[in-house]
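Presented sequentially are two complexes of chain A, the first with chain B as partner and the second with chain C.
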Partner chain A sequence: MNATLIASECEARTQPRVVVAGLASCFGCQLQITNAEAHLLEVLGQIDLRYWQLVSSEPLPDEYDVAVIEGAVTTDEAVRTVRELRAKAKAVIAIGACAVTGGVPGMAAAGFDDRVAGTFAGAVPSACGTMRAPKPVSDYIDVDFTVRCCPIDSYDFIRVLQSALYGSNHIEADRTMCGDCKRRENECFYKQGTLCLGLVTRAACGARCVNLGRPCNGCAGLSPDANLEAARATCTAAGVDPNRFDEALQMFNQAALIAAADAARKEAE
Partner chain B sequence: MTTTAIKMDHLARVEGHGNVHVVIEDGRVETVEMNIVEPSRLFESMVRGRSYTESSYISSRVCGICSASHVVTDLLAIEHAFGIQVTDRTRALRELLVYGSFLQNHATHLYVLAAPDYLRKRSIFPLAEMDRSLFDQALGLKALGNELCNKVGGRSIHPITAVVGGFTHEITPDEYRALAEKLTAAIPFAEQTVDLFHSFPVPQMETAGDFLAMEAEGDAAYPVEGSCRARFVRAGRSFDVADVDDEIEEYRVDHAAAEFSRMRATGSTFMCSALSRLNASWDRLSKRAKIAAAKVGLRPPAYNPMLNNVAQAIELVDALERCASLCLRLADDEFEGSSAPVAFEVHAGVGVGFTEAPRGSLFHKLELDDDGRIVHASIITPTSENLANLEADTRLLAEQLVAAGACADEAKAEIAKLVRAYDPCLSCSVH
Partner chain C sequence: MLYRVIDAQELPALVRAFMESYEVVAPVKRGSGYVFRAVDDPADIALSYTMTDSSVKKYLLPPDEPLMRFDARTNLVEDFHEEVTPRVLFGLHACDINAINRLDLVFRDGAYPDPYYCARREATLVVGISCMPGDHCFCQLWGSDEVQFGYDLFFQDIGGKYLVSISSVTAANILESACNPREATDEDRIEFRHATRRRQAAFNPDIPRIEDVSMLMDAFHKDPFWDELGGRCLSCTACSAVCPTCYCFDITDELDPDGAHGVRKRVWDSCTNPSFATVAGGHNFRPTGRERVRHRMYHKLNGFMATHDRMLCVGCGRCVDACKANINPIEVLKFFEKKGLEDVE
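== the complex of A and B ==
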């Protein structure tokens, strides 16, 4: 159903019911929600927060309107959880790089079985559940809204939550971060021969890291406009090894890279 | 036979996913398990083969709440391996970042996670109606901690500016001074926090385990960063952190995705925490922190793990004073050198980074090859160090509760308090 109608539908009953669930993550994005301290009560005043394990001991209810999901899907149990959340919620919001792209945990997707074997010396504790290669939430269920980056920006979350509750025509930007960075008049890292992923990363942060003197690591995920071949050529021209560029992309895009390679392989067959 | 099973699944108000299982048969505590079901993200395998330039950025993601500690500890390991000497100013900034992160961590733990237990609420939010001023001040202190990390690290979670050899960005002297003013102004509330948490009744118990904490060097202040020595307080056993593998043994159990730890020399379990640090370095606290501690009677030896909440509150006082002073000295350019990253050579080596994270002693050990790529990584986190001791203390508490004839609900509530007093960070412990 159209998520934007949630508020009007809920008005007659009560406030929209929201649950927050965490999968494989550092919990940083859930913390970022609490880090909107000055506005936390105003945000919470608009919703009926039914379940948030990090801050409350209320159990997961049977009915809710909005499910906020943090973290990558890394176990069979997590697959069941996201499917249940999707089945019950009218809107699903994926927050943070782990949920949106697979994020840093997604790096482990390459050579996953060997990594598991090496880490647990062959005896995976039963407490680990049935592990599977990390993937973003959207690989298993439809996601209505996303809040990008690692970690999310507290106020981005509030903006997206408002979109889910009240509706909005806002469409996520497709453009790359590089253009935003140029408009901020930052000195380009490629001028110093330093690798930066702003060339191909989706604009979502206002060049947060580059503004503070650090190259982009791509936490917002690849932009649909990204031209990887052109980016590799830029690297070569600036004296940066294009293999380093490919390697750096893995940090937040491993799941997408593996999926693209699988698709290319199938096509070749 | 009467069997009472206390199952606390999806333990709330802790960072990460965990359950506690206690089985009592005929008045005997048979099973006590910290069932840690947090998903394993395989960090140590993930960083293998990656360049040192990415290492701290990746391992920051072990944990959002103590990411500043993971970043600085990882940088220390790399610099140890490469033999890099950073400037005094960079050292001061790191101390500010690490100790500053205690403010948001302890304030979050004490008020958002732990306090609802004692106020008999499910979350902090009802506090807004019970005592709006306390609620606002509590969140205000947490916000101040975030502001400090934002200013120094560029972001409250996963700092941006701290890199190998130095910092990529610094705020202006006026911003440091403004921060110092806010930090100083928050001290009276931190002192009230000590009194408040002291006023919450806790069971009398004494852990059988040891206490691990950083050992201060020379006339250094209360140590959270900058020393390469750690000490098991009760055993009186002190060691250089380069030998951490000889001192701490990590082992696996089936009921936890995290590794457990014990002292290799004696097999004893141990606790690292604010309480451990107080036991190790009480005499190095700032004057106001010492007075706050003395007023509530918390001084070494203090072996009741439940008192860790009070110890954290005392650290808030110390951290506010120290961070305010660091900000003023940074504003007045009192430290030698600039914080711009120093030049260094990349070569093969092994390095150990060590800091006191908010929850206790944190170690990153990295082996790097000639290209600066990671050959082997070992991350030993405070919660992983604590789990075996927490399990032992839970058993102890359960036995005391059974002996006192407590009902299952009462036992559940008390055990939850104990677990939260340890302030476990389960995503850290599994990583």
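== the complex of A and C ==
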């Protein structure tokens, strides 16, 4: 095949143009995309990948169809970036706990201004940008699809990307995780008096950590139907201090808990 | 029905005989409880188990089951054939066999038999064993502490011996070849009656014995009790995952990474899953735990009765262990008991 033919074939292609942007995160979820090695070329063959922050220092292009966003929003610059991505993309996919729940950066959300003042004593390095309390992407823009967990599952990403490209009858689970443990016939940590956040966490991973013998630490985020009060009662009944349950939730769900507390306060007023 | 007696020591030989042509699934000890697993050594089987954490329904209705493969470009179904493993479900209690009989009503005996279920059921032998109830067992309330059909062999422990009910030729032949079955004596029959009475007397007396449960479910449909019970639901679906008769499912299409082919799957769903009753347009007609938990209890204790003349609950007590919010039929029975006492006052 000669070069002219290849060029004309490329022109005829109407593959969706995809960009992958990274905000405050460890970049591990972008890396997880590459961990689908065996199928990576098949996936790349279905899209026109215009930008991938992990592998290129080229600036964001002007036109694209799908924006994949990793990381929490922690600066004014990031707010502008996500708004631009939303304005230009037909579909926005948030990937990883940082983008979806605020994740690990979100742990710094409570009392953020005091924390910044205490750390930098008024001299914030310019490389930090104009900092603001870490929040999930969905606090600033509408998000069409999410790939949960810390880190994401490579194949979960492919499935969600395909949902954005072709449509899907898949509904995101809103049930919590214990039922998935029962499907896998895992032994329940609460029978041993061990704290596990599966009680209130979305069943997004098939109870992956518990399958591997570790309690859930809630990286998929709280289910919209999470029953925190009933979960605390479960802890108490199992001999687990409910304060430890509340504390453990801070790791991946602080932003959501602050937002819920704010909303409750407003309602009370 | 044919009855024979074998010695308890003959059981391992029977298991080994089954293993020649079947996968044998049996209760084994796991951590603080028991699970049904494929075994390759009769010594691993823990026949004196009280209850397993989950039931054997996964062997007839897998939690995640491919129904067909398709070509997403041509929109055509690709040839799909799943191997069915010939299997013996060994050591099932009466409640679990009664549960399979209820699944049969839904998936095999209705107007539209489910070919996936039927293929597995057809390739499955069921071998039951008598049991003594644990603290959470209430099968006797629904009459499922005994089982009349749905098994190939049923072993009644009569002290060092088993009285065996034989109801299939296939299983009878294997029993004949592996053991030395003999006619039951009067002594065996006396011991059988004693064993039955011991079981009947051993149920937890703290679980209320309530008559007319189905009718009471209708009578108290709007009681605030359901807010209280459903209000503590964790929305985890553990109840239906461990339940031997919960059969609701969802169907999803999953594309392969190449985007060109895919698989249509049936996966377990549950009416306690918050989005279970969400319909096109986004309306959820059972939006809170109150409606969802009430609905589940209704299907178990009332709705199935209306269509199939028996409870969908078999009283195995698994949900009593699995639900960390203490939501289970025993709580419903206690509520009816409390209502009855209030009436007297």
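Here, the second predicted complex is superposed on the first by the 251 of 269 C-alpha atoms of A that agree within 3 Å, B and C clash if a C-alpha of one lies under 4 Å from a C-alpha of the other, contacts with A are read in each partner's own complex, and residues count from 1 in each chain.
We take it that a residue touches a chain if its C-beta (ideal position, glycine included) is under 8 Å from a C-beta of that chain, and two chains touch if they have at least 3 such contacts.
All values reported here derive from a predicted model rather than from experimental measurement.
Annotation: superposed three-chain arrangement on chain A; chain B versus chain C shows no clash, the two fitting side by side. Looking at the shared chain after the overlay, A:Arg214 reaches chain B, while chain C stays out of its contact range. Looking at the shared chain after the overlay, A:Val20 reaches neither chain B nor chain C.
Touch criterion met: A:Gln46 reaches chain C, while chain B stays clear of it. Looking at the shared chain after the overlay, A:Phe120 reaches chain B, while chain C stays out of its contact range.
By the touch criterion stated above, A:Ser168 is placed in contact with chain C alone, chain B being left untouched. In the superposition on chain A, A:Cys181 contacts chain C only, with no contact to chain B.
In the superposition on chain A, A:Leu54 makes contact with chain B only, not with chain C. Looking at the superposed arrangement, the partner reaching more residues of chain A, out of chain B and chain C, is B. With the two structures overlaid on their shared chain A, chain B and chain C come no closer than 15 Å at the level of C-alpha atoms. Put simply, chain A touches chain C in their complex at residues 36, 39, 42-43, 46, 155, 158-159, 162, 165-166, 168-171, 173-183, 185, 187-188, 190-191, 198-200, 203, 223-227, 229-231, 233-234, 237-238.
Residues 10, 12-13, 15-17, 35-37, 39-42, 44-46, 50, 54, 57-58, 61-65, 67, 108, 112-113, 116, 122-125, 128, 139-140, 142-143, 146, 154-158, 160-161, 163, 168-169, 252-257, 427 of chain B are the ones that touch chain A when the two sit in their complex. Put simply, chain A touches chain B in their complex at residues 22-32, 34-35, 37-38, 40-41, 44, 49, 52-60, 71, 74-75, 78, 103-105, 107-108, 115-116, 118-120, 123, 125-129, 131, 134, 150-151, 208-209, 212-214, 217, 247-248, 251.
Residues of chain C touching chain A in their complex: 30-33, 35, 53-54, 63, 72, 231-242, 251-255, 257-259, 268, 270, 272-275, 278, 289, 322, 324-325.
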